[in-house]
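This is the structure I have questions about; it appears just below.
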Amino acid sequence: MSTVRLWTDAEAEAAPRVKAVFDDIRATRKSDFVNNFWRALANDPASLERIWAGLKEIMVAPGALDPLVKEMIYVAVSAANGCTYCAHSHTAAARAKGMSEAQYGELLAVIGMASQTNALASALQVPVDPQFLVGE
Amino acid sequence: MSTVRLWTDAEAEAAPRVKAVFDDIRATRKSDFVNNFWRALANDPASLERIWAGLKEIMVAPGALDPLVKEMIYVAVSAANGCTYCAHSHTAAARAKGMSEAQYGELLAVIGMASQTNALASALQVPVDPQFLVGE
Amino acid sequence: MSTVRLWTDAEAEAAPRVKAVFDDIRATRKSDFVNNFWRALANDPASLERIWAGLKEIMVAPGALDPLVKEMIYVAVSAANGCTYCAHSHTAAARAKGMSEAQYGELLAVIGMASQTNALASALQVPVDPQFLVGE
Amino acid sequence: MSTVRLWTDAEAEAAPRVKAVFDDIRATRKSDFVNNFWRALANDPASLERIWAGLKEIMVAPGALDPLVKEMIYVAVSAANGCTYCAHSHTAAARAKGMSEAQYGELLAVIGMASQTNALASALQVPVDPQFLVGE
Amino acid sequence: MSTVRLWTDAEAEAAPRVKAVFDDIRATRKSDFVNNFWRALANDPASLERIWAGLKEIMVAPGALDPLVKEMIYVAVSAANGCTYCAHSHTAAARAKGMSEAQYGELLAVIGMASQTNALASALQVPVDPQFLVGE
Amino acid sequence: MSTVRLWTDAEAEAAPRVKAVFDDIRATRKSDFVNNFWRALANDPASLERIWAGLKEIMVAPGALDPLVKEMIYVAVSAANGCTYCAHSHTAAARAKGMSEAQYGELLAVIGMASQTNALASALQVPVDPQFLVGE
């Protein structure tokens, strides 16, 4: 179904750069499961390494936002961009991080309301209030 | 700059349905400031009432998600949809609700990373892993 | 295939808030068919009620626009947003409201042409002619 | 403000292919006004000719849809795509074709509602009901 | 799966306008394969003719850009717009025109990076540097 | 105009991590000009470093695609995403890398045509031809 071959574990074993990333995904997530996104990216080891490193830095390393909050933000962007794969994978990830059905319901409500007012503000071309401006 | 006239307070005073919503916005937010989005929507009182009621129910009423988390999700959707007005207004709202610059930096990092992997998953048309599916 | 369970009629029978909306959908549409969108939304009764109430007010209640015209506008937005489910459901709804194949052909032609000139105007960043401006 | 030079009438006079299109725009619209979109496209005469010919065929020639309906569909797509220039130019065009403020209010309401349910269906990845499918 | 019937070759044989376009697609591409996009568009012969003529003029006729470069640009736009069909069809077309896996890997990397910085610039609403402006 | 303060050179001088990136931007581009995007990102040094490192790896390091081709792909994605800042900055960058007006005209034509057929394929929900599929 994809535009590229999805790498099997056997193929990854034979390619050191791919294997290193798959191993780190497994170690970081404490799970043997490597999802299809990484198996597709494996066709370009440089991208595989760069994207995983960025995702790990942003989503896994401790910071100012709770991991679940970051995952819900990821779901919101994925829905707004209409990404089928990402809506599925990050909703599953948010649930794995503890998202309750009540939280998911509110997340969806905010996504829907924001999409509605985004479209209205774009249709109306509402001028930005001076009170909202920060940079010059 | 907009496609419709922005209602002044004087005009709102003379239109009971608009005045009622503007009054409720001020009372709810405990601020005299009514931003341009509502002044543009005022041209269609039915929409003004419906959108405000929905926004109040979702964003103001207590629920399972923290108000600041909801506001950051709103910013994320607005950025993904490329809405100039909404990026400004909801970033200001998130700051008013206590978003620190460190939190904003992480919010932006997640928005950027999600947009990157969304585009890659859409380009690659990665098939959804069966593990992610819930409904039939 | 969805990220949530789709509610069956039997489940809806046991949940008064969901049952009330499903009943109203059936009564309003004069059809026993409740499509999957509502069965998915049923997981969050507050959203189910709010979205259905808004849709009914906008799409069903009589107004200044013909119901078929509103449905074709809905198809146009759904195509622009790349929403698979919505393209299918609202094209079917437009046909149920009498859209001819000739009308559908023209609707598609407008969607395609608008998407082309939207992209060109965004690429070229064409400045808005002063003649088009209304609000301050 | 644009990424290309906007052609003046004097420049168009000296370029036969551009002049021919500008003349046809004026004759077709029965107005001396040539808006900036065409002045930007003039930098590439082949595109100027092709886009104008397509727009004239779709938007001006008589067909199965009312000219105002087509213009409102154009506004809807432009709002969904977040195109600043197009939201302004096609809202002005719809008004010139007789769109009332009540009709504009309903157009906006449909755009907003569709954007909300599009985002929810994409977030939920609602499976398409078999009843909606036509082609194999 | 589509919202319209896909035309078979037998049906096209009986419809002169459709047959003429299908014949030209085959002759232009030196292949008997007519992909589903054209079989769907065939329901509206005017659109079929106009879209094919435009595509042929832009993508097939010799010009200032290499055919493979144009095809990769097409893939990039299709990914950004989240178009499932187009991501598949134009990636296949790019490969047929000689795109190597290394080139595809870099194309994907640029698509991902651009999507990331697009989202950040939209979130931050970065003001355009005066150095970048061309038109008035 | 932005949602954050734009860093001046004086401020960057006093912040080693920001200064290091600004210095590398100048050295890499052989120009004293640091555009606003980086001055906005400077508010979050970790993002500034990560985004610049990624951009440098993808857009500057030699690879399988010509630098100008990569820049035109960047323009295409930016137009499809409706990013005002990015359309301006990357069109300027493409010109700086030698893009002729004829090449820009063709780039725009491809962007416009792709956006048109993307919207049509999404509206029609054209099923992917089996010939286009690669991964399982």
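So that you can tell them apart, the chains are marked A, B, C, D, E and F in the order they are listed, and the count of residues begins at 1 in each.
As a working rule, contacts are C-beta pairs under 8 Å (C-beta built on N, C-alpha and C of every residue); 3 or more make two chains touch, one makes a residue touch a chain.
What you see is a predicted model; the values in this text were computed from it and never measured.
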item	value
Touching chain B and also chain F, the following chains	A, C, D, E
Higher-contact pair (C-beta pairs counted), A-B versus C-E	A-B
Distance from the mean Cα position of chain F to that of chain C, given in whole angstrom	34
Intercentroid distance (Cα basis), chain D paired with chain C, Å	21
Distance from the mean Cα position of chain C to that of chain A, given in whole angstrom	27
Per-residue overlap in chain F, given as positions that touch at least 2 other chains	1-4, 6, 40, 46-47, 50-51, 54, 77-84, 87-88, 91-92, 105, 108-109, 111-120, 122-127, 132-133, 135-136
Chain D contact footprint on chain E (complex, rising order)	1-6, 40, 46, 50, 54, 57, 133-136
Footprint of chain F on chain E - complex, ascending	1-4, 6, 33, 35-37, 40-41, 47, 51, 54-55, 58-59, 63-65, 69-70, 72-74, 76-86, 88-92, 100, 102-103, 105-107, 109-111, 113-129, 131-133
Residues of chain D touching chain A in the complex	75, 78-80, 82, 84, 87-88, 91, 108, 111-120, 122-125
Touching residues (chain side chain B, partner chain D) in the complex	3-4, 43-44, 46-47, 50-51, 77, 81-84, 135-136
Residue numbers on chain D that touch chain B, as the complex places them	82, 84, 87-88, 91-92, 101, 104-105, 108-109, 112, 119, 127
